[in-house]
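Chain IDs A, B, C and D follow the sequence of writing; residue 1 opens each chain.
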Amino acid sequence: MIKIGMLTSGGDCQALNAAMRGVVKTLTNSGEKVEIYGFLDGYRGLIYGNYRMLTGSDFSGILTVGGTILGTSRTPFKLIHEPDENGINKVDAMKKTYKKLKLDCLVILGGNGTHKTANLLREEGLNVVTLPKTIDNDLWGTDMTFGFQSAVDIATNAIDCIHTTAASHGRVFIVEVMGHKVGWLTLNAGMAGGADIILLPEIPYDIDKVVDAIEKRSKNGSRFTIIAVAEGAISKEDAKLSKKAYKEKLRNRPYPSVSYEVAAQIQEKTGREVRVTVPGHVQRGGSPCPYDRVFASRLGSEAGKLILDGEYGFMVGYRNREIVKVPLEEVAGKLKMVSPDSSIVKEGKLLGICFGD
Amino acid sequence: MIKIGMLTSGGDCQALNAAMRGVVKTLTNSGEKVEIYGFLDGYRGLIYGNYRMLTGSDFSGILTVGGTILGTSRTPFKLIHEPDENGINKVDAMKKTYKKLKLDCLVILGGNGTHKTANLLREEGLNVVTLPKTIDNDLWGTDMTFGFQSAVDIATNAIDCIHTTAASHGRVFIVEVMGHKVGWLTLNAGMAGGADIILLPEIPYDIDKVVDAIEKRSKNGSRFTIIAVAEGAISKEDAKLSKKAYKEKLRNRPYPSVSYEVAAQIQEKTGREVRVTVPGHVQRGGSPCPYDRVFASRLGSEAGKLILDGEYGFMVGYRNREIVKVPLEEVAGKLKMVSPDSSIVKEGKLLGICFGD
Amino acid sequence: MIKIGMLTSGGDCQALNAAMRGVVKTLTNSGEKVEIYGFLDGYRGLIYGNYRMLTGSDFSGILTVGGTILGTSRTPFKLIHEPDENGINKVDAMKKTYKKLKLDCLVILGGNGTHKTANLLREEGLNVVTLPKTIDNDLWGTDMTFGFQSAVDIATNAIDCIHTTAASHGRVFIVEVMGHKVGWLTLNAGMAGGADIILLPEIPYDIDKVVDAIEKRSKNGSRFTIIAVAEGAISKEDAKLSKKAYKEKLRNRPYPSVSYEVAAQIQEKTGREVRVTVPGHVQRGGSPCPYDRVFASRLGSEAGKLILDGEYGFMVGYRNREIVKVPLEEVAGKLKMVSPDSSIVKEGKLLGICFGD
Amino acid sequence: MIKIGMLTSGGDCQALNAAMRGVVKTLTNSGEKVEIYGFLDGYRGLIYGNYRMLTGSDFSGILTVGGTILGTSRTPFKLIHEPDENGINKVDAMKKTYKKLKLDCLVILGGNGTHKTANLLREEGLNVVTLPKTIDNDLWGTDMTFGFQSAVDIATNAIDCIHTTAASHGRVFIVEVMGHKVGWLTLNAGMAGGADIILLPEIPYDIDKVVDAIEKRSKNGSRFTIIAVAEGAISKEDAKLSKKAYKEKLRNRPYPSVSYEVAAQIQEKTGREVRVTVPGHVQRGGSPCPYDRVFASRLGSEAGKLILDGEYGFMVGYRNREIVKVPLEEVAGKLKMVSPDSSIVKEGKLLGICFGD
């Protein structure tokens, strides 16, 4: 008999259900008897002992369904050691739930913040296996996270749509793409959508370079310019600020996000009409793309195998086209960023894309 | 020999190319010799004599392509009688171009504003045939405009994506849908996407009714609420203001659009987390949906037939499943709105949708 | 207290769930107490008393889900009066189930065959309200059926894909489209996909006309030709055969379907390479398109209202953009076909489409 | 000045245009003067000197367009040394064209057969750089080929659609997936679409194992079974035949393809209704998916760089997430197959998928 708890934490994304189905199918097909405790709304469910007993049939038919059947919530790691509003110690409460239910293992699906807490639970002696979920693809230790390719598809589709309208009106169009503090999503969606300019957090931009690129396109007869801007993009000047000073700047910025600031600057410097589109949370939703369904199923299946083998303390990741187990302590707290010297960025430049640097 | 000028004016939308292809295929297949002057960027091309000579092959392969191969621009009707920056009288200039090229007819594709100018040109003695293009579906004299169904598809897809993320996080989500001052797009996308609350310009909302609907859903066990808000939605109080006072209010409103105002009010009154998504111009773009391709092709074809028959002064519209010709003077300056007493709204209420009234 | 039975019969299609959800939401939102008996697998469930009790929550979240939560089966009308393998009289059995459960009304969703049986049940004294479901759009008494537009979208998408490959290889490509004995689906998907030749059951084709159209395109520089062939398309010679002789011919035809016969003839007469694609049942599946979701929801809602008003014996249909109730005896046994003289066919010809006539 | 010839050969697929655009953009952005000879319809254009001079603008706007702007054809390698119908030696003719135009390099996009000929041209002294195009993903020397992921998306979508209809009717459904003699496409689309049984060329099937899997599902309460069958799937008995005997068997097989044979066997052994769907060439068509657009652009860009560096005789491939150059002699004539012992197959089995072995 194997007793596992399962939870999804942080921002939701596509293929969470596919991954959980992979874990559960692998366990139930193994012949072992399995008890599954599905904790609701992320770590909160673990803290407050809020769960549902699940069986194999709960995971039937969810391969293609977006979101998470367990619900999710954000439980910031930096507040994990602070008691909740009722004075409850969160870490203790999680351990208590785990022990009370006599779990053999916790399966935790999440991104960066989630992995910090997962690693903490491991250090506290709990058996943990994790799965790398995030549309940002910024998790250390894995070449790829599920949710990412689905979000690329959605963001690209938005750029595709903007292309026809930008071309018709002869405008400059900015599409703001998600990705938190890293540029993977913007870089891939931008290249897939044929964006002319791509601004990433990892490559601070010089607004004058951006303006030059627009003017150059215009001189060469192009009626329009499409700019893919990462929500975490940053200008060269801002990148020089201290973290505190930058936060202060953001607080006082008279724009809802960086795209609007870039738009205002371009408008001012060129006199051109600039429009901003922010697909936002749409990028997290909908049915996972086939790539993510296969990928999440495979990861889930390998997580199930780890549990059957009694191997704990790992994130199941993907490296060099192999599915691998990565020690949680290697993953937690590190960010996988786009290197300005990576071949994909160089190829982007060869293709004529302006990165504003 | 038939000489036609063609232009697309106003905001672009899907199936403009499909409609123009329909006109041109019908003319060229008729055996008549045809000369086609494609005016660039809407009325501006007609004013300044900026055009390209086009042949049948220019219209080959564009059935499925979004945007407009002629480009478009907005030429506000209320400024039509004012001279341009160089003192040129726009109406005279358009007539001059028309006469200089010895055109038999102008084919004009556009929405409300476009039709006012088209009717003016008709009054000035030009031969005009128009086609009803707009994602807003607000043109008088036709049950349907092309672009509309494609935009419904895109907006619905956004709501679908939001559904999975809203359900996962247990949030209130607002999706702001285009449509200018009418609610067709929001109503249809909202119903198609399963929105729980739909706010339309034609049915001013009471924010307390909206809040009640959210709380009632919560009591019945729903973790989330999806609200489709038309970009032109208006509250009951605001609807009582004079046009001038309302404009003044909008100018001073500390929100980029009505959705953010609704979000702030809900957040304040319920304490719930509310997220806003604005798909924006994406709704105008991309390949036209099959419905619009067929519809625009049919309208275009009938416009071609009118020209062959020498019948001018009409918009080709769609009424009671028949394609009809509608005198331009009946169309210009009127708005087709959603009636609060229409059967679709009543059905929406039977389905449990809250309209905030 | 209202007790309704509900069943879906015949080939499945998109938006069956959306329509049932519309009925149930309308009933449960009315304040009346409602008991819902969902009969499984079409009339079979009614015959053998095989049902599930359903509540409002069973219909939550199914607006966007294809197929039918009740399952379906084909129960041919011409065998309805014949006893089953165990000697059970089907009509009596259905009446017995209805009476035993003390139902107030049966809600039946189906196409042509289904409506014959539904009308029979009405004649036998049962209260019946029906909804027009079929991708074929061949139901009499309604301008539109749900499932149709979704199937058009899928078939069009197949033609779109074939377009790029046909153009690359310079081939003749046949796409066989569903639609049973009528041509609505092929006509609309063919026009939306830009098919060059469209063969419909209602317009028997002359293969030499088809060959001429291909050669003419070739002479005009087109590398490829796309032909949309309805699964029920028929040649001029075959159309002259008696029904019996035609059936005999089909039985002996050395081709899986008409498309392969057309392909062989073209290949023989032109020496060109012809490829056949048959998307098949894919056309019935997947999430309903937004048009169908709205449409089916509206029809379902009006069906719910009829039940609340105690009005039975009707199909809820759509005519001249109004949702109407149509007496079942007017619907049963009649086929709505594409008229060769309809404006849409004429417009198709103006656009240059060859119908083989 | 760099003079390149470019051609696309073999079955077309998605992202051919994206890849060519990548090559050309990289060359033209380099500052070098470039002359581009686009050979029409594959090697045939090279043999007969049939080409178009292309400029950068010919490659603008084709990133998202399926097919190939150069056209393609199949020129079987085994006939390459045989003279054509007019006695022309093909290899000599190709060399002659190359020399006459004083090309610096040939850029060849194709799959397995294409690479054999490309390698032959290299051996004959021509400068060649190739790009790995095929929906089959069976090219040696690269982890991935472009077109593959787009085809996975389309085939998965077909399985998704079949899922709803299979579930509604309680049937066994077979979806035949392309892939020539390898199973990559079927394996990935099958896993993504949640197929219950997957039959691959690399894992010969035992029909009784397939039947057992269907019956087992039925016992466990599943109403339906979905089987993804590769067009090259083969039974255990057939796999034992000599190549010649197997070919003989195929010639005499009374079924259009293996799927129909499997269907007939299942129907006979279980009495269940089995339906077959063959999406066919649709899988090659349509706009490339975002993954393929990025991937093909990157490969194209690196091919451009090789040419700028004067490095010839390579295929640009993808290994361990790095874009690499692979000597053509290593690629030609080898097939990359799915290993029955690969982790993805093992994971599939853990997930409960039956492979018929």
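Quick notes on this structure:
Note that a contact is a pair of C-beta atoms (placed from the backbone, for glycine too) under 8 Å apart; a residue touches a chain by one contact, two chains touch by 3 or more.
Here the structure is a predicted model, which means the values were calculated and not measured.
Shared contact partners of chain C and chain D do not exist in this assembly. Chain B and chain D have Cα centroids lying 42 Å from one another.
Centroids of chain B and chain C (each the mean of its C-alpha atoms) stand 31 Å apart. Annotation for chain A: residues touching 2 or more other chains are 160. Here the chains touching each other pair up as A-B, A-D, B-C, C-D. Touching chain A in their complex are the following residues of chain B: 8, 11-12, 14, 16, 41, 65-68, 71-73, 154, 157-158, 160-165, 167-170, 173, 223, 256, 275-286. The residues of chain B lying in touch with chain C in their complex are 22, 25-26, 29-30, 63-64, 143, 149, 152-153, 156, 160, 188-189, 191-194, 289-291, 293-294, 297-298, 301-302, 304-305, 320-323, 343-344, 347, 350-352.
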